[in-house]
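Provided herewith is a single structure, encoded as structure tokens, for subsequent inquiry.
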Amino acid sequence: MSASDDNVKDVPSDNHEEGHGNGSIGFVILFFVVGLIGSLLTGWVLFPKLLYSQKEQPIDFNHQIHMDAVSDGCESCHFFREDGSFSGVPTIAQCIECHEEAQTEDPNEIKLVQEYIANGEEVPWLVYARQPDCVFFSHAAHKEMDCTTCHGDIGHSENLKTYEENRLTGYSRDIWGHNIGGFKKNTWDRMKMDDCAECHERETGSKGPCFQCHK
Amino acid sequence: MDSALIPKGVKRCSFPQFSIGILIVGAVLLWGVYAMLLCWFKGLNQTGMNDSYGFALWIWADLAVIALGGGAFFTGLLRYIIGKDELKNIINFAVVIGFICYSSALLILGIDVGQPIRSWFIFWHVNVHSMLAEVAFCLSIYFSVLAIEFVPLILEQKQIDEIPFFHNLAHNMHEIMAVFAATGAFLSCFHQGSLGGVAGVLFGRPFAFREHLLVWPWTFFLFTWSAAAYGPCFTILLTKIMEGITGKKLVKDNVIDLLAKISGWMIASYMVAKLVDTWYWATVTAPSKGLTFMDFYSDGSGLYTIWIIIAELFIGGIVPAIILTNKSWRANKALLLIAIILAAVGVCLNRWVMVLQVMAHPVLPFEGWFAYMPSWQEVATTILPVAYGIILASLAYRYLPVFPQERELNPVED
Amino acid sequence: MKIDRRNFLTLGGSLVAGGVVGTTLSPLPWKLMDDAAIWTQNWSWTPVPTDGKVSYENTVCTLCPGRCGISVRKVASRAIKIEGRKDFPVNKGGICILGLSGLQLLYGPTRVKTPLMKTGNGTFKTISWDEAIESVSAKLNELRSSGKSDSVAFLSDSDQGVTAGLIKRFLKAYGSPNFISEATFKDAYKLALKKMQGIDAEANFDIDNADYVLSFGSGIIEGWESPVRMIKANSALKTRKAKLCQIEPRLSMTAAKADKWLPVVPGTEKELALALIHVILKKSLYNKDFVARNTVGLDKLTQLTDSFSPEKVSGITGIKPEDIMALAADFARASHPIAICGKGQGNTPESMTQIMAVHTLNTLVGNINKKGGVFTVSLPDYVTWDQPEMDETGTTGNSKDRIDGAGKGQYKDTMSLAHRLAGIVNAQGKNPVEALFVSGSNPLYTFTDSIAVKKAFEKIPFIVSFSSFMDETAKMASIILPNHTNLERFEDVIVSTEAGKSAIGLAKPVVDPRFDTKPTGDALILIAKALEGSVAEAFSWESFEACLEETLGDKWEELKENGFLENADSAIASNNKIDFSALTDNGLAAIEGDTANFPLTLIPYDSLRLAHMNIGSPPFLIKTVEDTVLKGNDILVEINPKTAGKLNLSEGKYAKLKTPKGTVNVKVHLFEGIMPGVIAMARGLGHTAYDDYLAGKGVNFNELIGPVEDPASGLDISWGIRANLTKA
Amino acid sequence: MKENHSNDKANKFGMVIDLDKCTGCGACMVACMSENNVPFKKDESKKLDSITWMHLYRLTNKKPFPDTEVCYLPRPCMHCEGAHGHPPCVSVCPATATDYDKKTGIVSQIYTRCFGCRYCMGACPYHARYFNWWDPVWPEGMENYLSPNVSPRMRGVVEKCSLCFHRYQLAMDKAYHEGRKELEEHEYQSSCTQACPAGAITFGDLNNPHHQVHKMVKPSKHGGKPTATNAFRLLERLGTNPKIYYLSSKEWVRRLGDNYLPEEKTGEIGNHQPKGHH
């Protein structure tokens, strides 16, 4: 502001001086800091709470138990088909192979058998890694890599975590990553296009053409 | 009724009279808004465009208003950088026109894209090689510059001006306006040029394609040059219309004469460049693609025949250039008026040709010319900015000291 | 500090400034921006197709008589694409446009989803299969007990295969002689072979190996015979540099791709054929050895064709005498020449004279049962059930005359005269048809003079349709017993492959039935069982599939596994001599209408992009139809610019098309490739049934034309009609 | 690590279409629509707002009866290479929604990135790009046949032939699964090629002298101009450097493949270098 505000009649000049002087500068700073902290809290703490809705999986699943029971690691259930396509989340037909009858007292297993297997219905899993329809991902092209590179150590988890669904996009929070700031520590923390591009750039020298990952 | 808002020392029509005028134009505006909403909610099937006519009336309107609005940057350049001081008496109006033209262009672009809610991808996922990206960037930045240039004028409004802060702000902004004018001129060179480049880079379209200089096709330079040349004519034309409507002289003849003279010489020099370009294109570029000059003017419907290039280059170019460069002719009010009208039509025709004829000309040898008829929705949305422009210009004229010489030329008798 | 306006602004400003800085440093705007970008890409109503295991299932396409092997790509349980089957002997990997669109029929909105019954107010109500079978059998019992079993007629698109066999068996046991099937040019050719050689054989044209093809208007690449096989054969002609000469008044695609196109005045093709025989005989260009060994009646033939000199025939056909002579010479001198006929797709019969003349041409060059020639084969016949035991009603009913007059008197060799149905029902006096069953056929659309057909159908008290789709005929039915679609059912087919070979194919379900439908065979078995007595006894099978399995016997397993069985028991039919004297001339082929009121000749044309038989074109087909054929809902009629000039008609303008059968509004399309004085209209449009993608578009050619009987066979050989086209 | 990949031999997938064999039957059009989830409307007779990635043009020699001749010309996206991988349509896109893949030679189109400015359509001289003027709607039930390999588009975006790139991807999946990095010629074929009953379309790698396409047209090393008799490309002299080649024994057809000054001979045009954004 300029010092030439002197023809403003209803503001006494001393008050004016004070307003820009020692007394109120503190208030100015205070208000600035309040605004700053308030918005930082909003952005970092409140915003993610508002952005994501919490959803529970239809039944809980213990990867660890299954991992112990199978011989072929992740690929025992998440396998490649003969044509090189990836089976992804197992269908009920796969579950039936072992769970035609409940093998334990576990309420989740009982629910699986009674509600889904008995009725021939698929379990409506909420898939943490689900990408938009326009995304093409070839598991076969990445088969040399460890599953954990992108999916993390989910294979040894004992429970399925709460599925946090982005209210705006409808996709899981795991795509953007748990850190709302988008910072990642591990390769599996985020699954955005930039993360694909980053690795492609590093490994192949280019981010690749559009069609490599889009359909 | 609104006398408190009207600038000092000038006379304005009565408020009811003004309101009725605004209401009438407002009705047209609403019609345009309705059409705009139709396009947004129902999609571009509301238009007469098709797969062969992806660019049509709207893109023409965009190019035309930006060329016509070119008066703002060029007058600014002349006033603030070259130092043609007389032009301060018309620069305000030039800025208002520029603002209207550029905001209209942005609005039309917002309707023209198939996915308006994604239109910001042009910035978010920009491809810097695209002429259209260049257009979008320069256009939006220059629009901000125009808005800044418009601000001091608004601040000079009687009531606002009474607030010392705004008064001083306006004053200070005037001081640094040269910086904005320079920025504006710089940006304008690029977006006007890149609008020309939009057509000129199309090497799949021999009608549009032009040889390149550096990374830009000739049309890049021709568009910038023509906008600078023809823009001021449009500023003069609108001033004349304003004078006609208000029944008052608003700008002194020497100001108009200066601007007209500069415009005349600019058009003349542009015409030289354009004719050389046309000649080279017709005799070298086109034949290298297996096409003769007349192939481009063989439209069976009669629209794109040789008359269109005669109209553009001769009637809309050479004729106004001759009139405007001749001192005694441009002093003749009727001839001046004819010249500026022809010039405005000429530049619009050029933009039309560079958009619609490009689309109409068959590229595949076994195709015919493509026909296009705009739908009412397209026409309405194209008229929408005109209505909006009239309203904004009227408001500006009524409440802002747009013409500094008005008071002097039209002393109010008490 | 005193809070005044000024302070308020300052402090408020500070707060906002802090907020702006903080927000910028928080993820909120950036994350929201990113999410917004994704949000703008999500269109909730844009379908997201589900993924799953991909599998391919082979079957045979039965949408047209071509019978191609297809491979259906599935994702989990959904069929998502139809492709040609590479190892199938008919199409060898290729596929036609209709076959490709099959999924639009399977998943489309025009399916009949459950049995339906017409109610008093003309709408349909959903009924169960039990109710449906009950209603049908009640009606049949009623007719049977009142001694009117012969008033039941069954219209079928085909008389081959197990389903047709079941229908025939049903009628036999029930007591009606009225099994009516639709005739194509192949049926007419069969009849000609019977008349000339006394054999029951099917003609199989080995275009695949010919080196000169003389085609009298056959749309070899437009769906004639087996579309894909013929298109492949045409490509092979190009590769071998073999020649194709096309004779027809309009530049069809076959004509355009032919080495030579000879525009002929429509309806004078047989005169041209006779003139070619004339030249071949006169110039002694025929295969004397073959003719001597295999034919009789050469003198009669010489006598008959004597008056068909090139000069005279030139005046009739519009083809120059020297062209006729050159054509005859080219044809006769080729090493594997073949002459063929059957206009367009060959779905309508040709006159006996025409066919016999063509067969005579083939005989004269000795190219019968030889590579690149015409093979006369008896097709594999595995439907060898014992005759059903008939009760008294059955015996009496079967001894009655057929309602269409086929199979006796001068038409004793003609199987059916389906086109007569409308005339019989509409005739004065008592309607002889009390109940009509329609299977695989859509007579309301495909029969000529379709307006009269509709009138006739309105008079038939009880109509049962087996259609999978709500077609024109189904809409008029009293009861619909919907069949599975071709991709949901078993169906046995007999296919012709090159060099006179045949194969049996088996279409099998590739997806689970989508709706409450049943194969027609099953419906018939259920109806028969409900009728009890001897009819029920004749149908001891548990189901259609069981019947199929039993009938095909040892072939069943292999057919189920492979989908086809090559070199099936087809054989060259006996060595009876070919009697040229069977060929007689009935004079110029007549068409309806006088030249004064109807100065033009209207002919139809066929295109693979428009299905015009029992299947309505799915949306994909209509999408490929050019805007010179259909524009909006208007059909365009092709006319030579010269003729159009005389009539003051111009491109794209409306005109009124009038024939003795009806008047319609059309648009005009100027086409240099059509003979002056002739106008042509696409077949396959003008549906009133099906969905919005088909109904109401254009005009049904059959509305404008009426049946014309060939005196020699009784078959409907109408190929065109006189017409008038005036500015609208 | 970079070297491993960048040394991979680049493919240049393209087609040779024999117009003598093409019957205009339309199977390629529908094979494409069915493979690529192309929508349809109730009225498709306005051909300029009808999406047909593969389009059949009907050419005539314009001679009067009875010398008239007609020939169909199937037109997929030409997947122009321009000069050094700069097709006419790619550099104009303001939002990077399309690119040229130097590894396969395919011009992509990303529907979710496109915001519908239609500049690429104006840039393409072949009308190979189509705009979704309407919201695609499948009648109830028909969404069942949609393929998961190609994402359905929404209103307001541009789409075009992808040379069935997803088939390449799926074939590569299989190859990877079997431990290979190269495809056999037959493993990747476009849907139209596979369907064509006339066998008029041949698909393959133009860079590979063992592939049929290469043998049929013998593309020149620089700029790809065909050197085989009867072979030509559409609008060769514009410098778009397309990867779709045509064969026709008819001179009038070949002449209609490009613009010629009256005195110029068909096929004999100067050695124009491909154009493109440098």
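The chains carry the letters A, B, C and D, assigned in the order they are written, with residues numbered from 1 in each.
To be clear about the criterion, a contact is a pair of C-beta atoms (placed from the backbone, for glycine too) under 8 Å apart; a residue touches a chain by one contact, two chains touch by 3 or more.
Being a predicted model, the structure only gives us computed values, none of them experimental.
Novice: Which contact partners do chain C and chain D have in common?
Specialist: A, B
Novice: Name whichever of A-C and B-D has more C-beta pairs touching across its two chains.
Specialist: Answer to which pair has more contacts is B-D.
Novice: Which integer distance in Å separates the CA centroid of chain B from that of chain D?
Specialist: Those two chain centres are 39 Å apart.
Novice: Express in whole angstrom the distance between the two chain centres, defined as the mean CA positions of chain A and chain C.
Specialist: 56
Novice: Could you put a whole-Å number on the gap between the CA centroids of chain A and chain B?
Specialist: 48
Novice: Using CA atom averages as chain centres, what separation in Å is found between chain B and chain C?
Specialist: Each chain's C-alpha centroid was found; their separation is 61 Å.
Novice: By the touch rule stated above, which residues of chain C touch at least two different other chains?
Specialist: As it turns out, chain C has residues touching two or more other chains at 41, 48-49, 51-52.
Novice: Which positions in chain B are in touch with at least two other chains?
Specialist: Residues 115, 118, 121, 124 of chain B touch two or more partner chains.
Novice: Counting only residues that touch at least two other chains, what does the list for chain D look like?
Specialist: Residues 46, 50, 97, 112-113, 135, 151-152, 154-155 of chain D each touch two or more of the other chains.
Novice: Of all residues in chain C, which touch chain D in the complex?
Specialist: Answer in residue numbers: 41, 43, 45-52, 75, 78-84, 91, 93-97, 100-101, 103-104, 106-109, 111, 221-222, 227-228, 231-232, 234-235, 238, 251, 253, 256-257, 261, 263, 514, 608-609, 619-628, 630-633, 640-642, 672-676, 691-693.
Novice: Within their complex, state which residues of chain C touch chain B.
Specialist: Its residues touching chain B are 33, 37, 40-41.
Novice: Given the complex with chain A, which residues does chain D contribute to the contact?
Specialist: Listed in rising order, the residues are 1-2, 5-6, 97-104, 106, 108-113, 149-152, 162, 165-166, 169-170, 172-178.
Novice: So in the complex, the part of chain A that touches chain D is made up of which residues?
Specialist: Counting only chain A, the residues touching chain D are 80, 82-85, 132-134, 136, 138, 140-141, 143, 202-206, 209-212, 214-215.
Novice: For chain B, which residues count as touching chain C in their complex?
Specialist: Within the complex, chain B contacts chain C at residues 115, 117-118, 121, 124.
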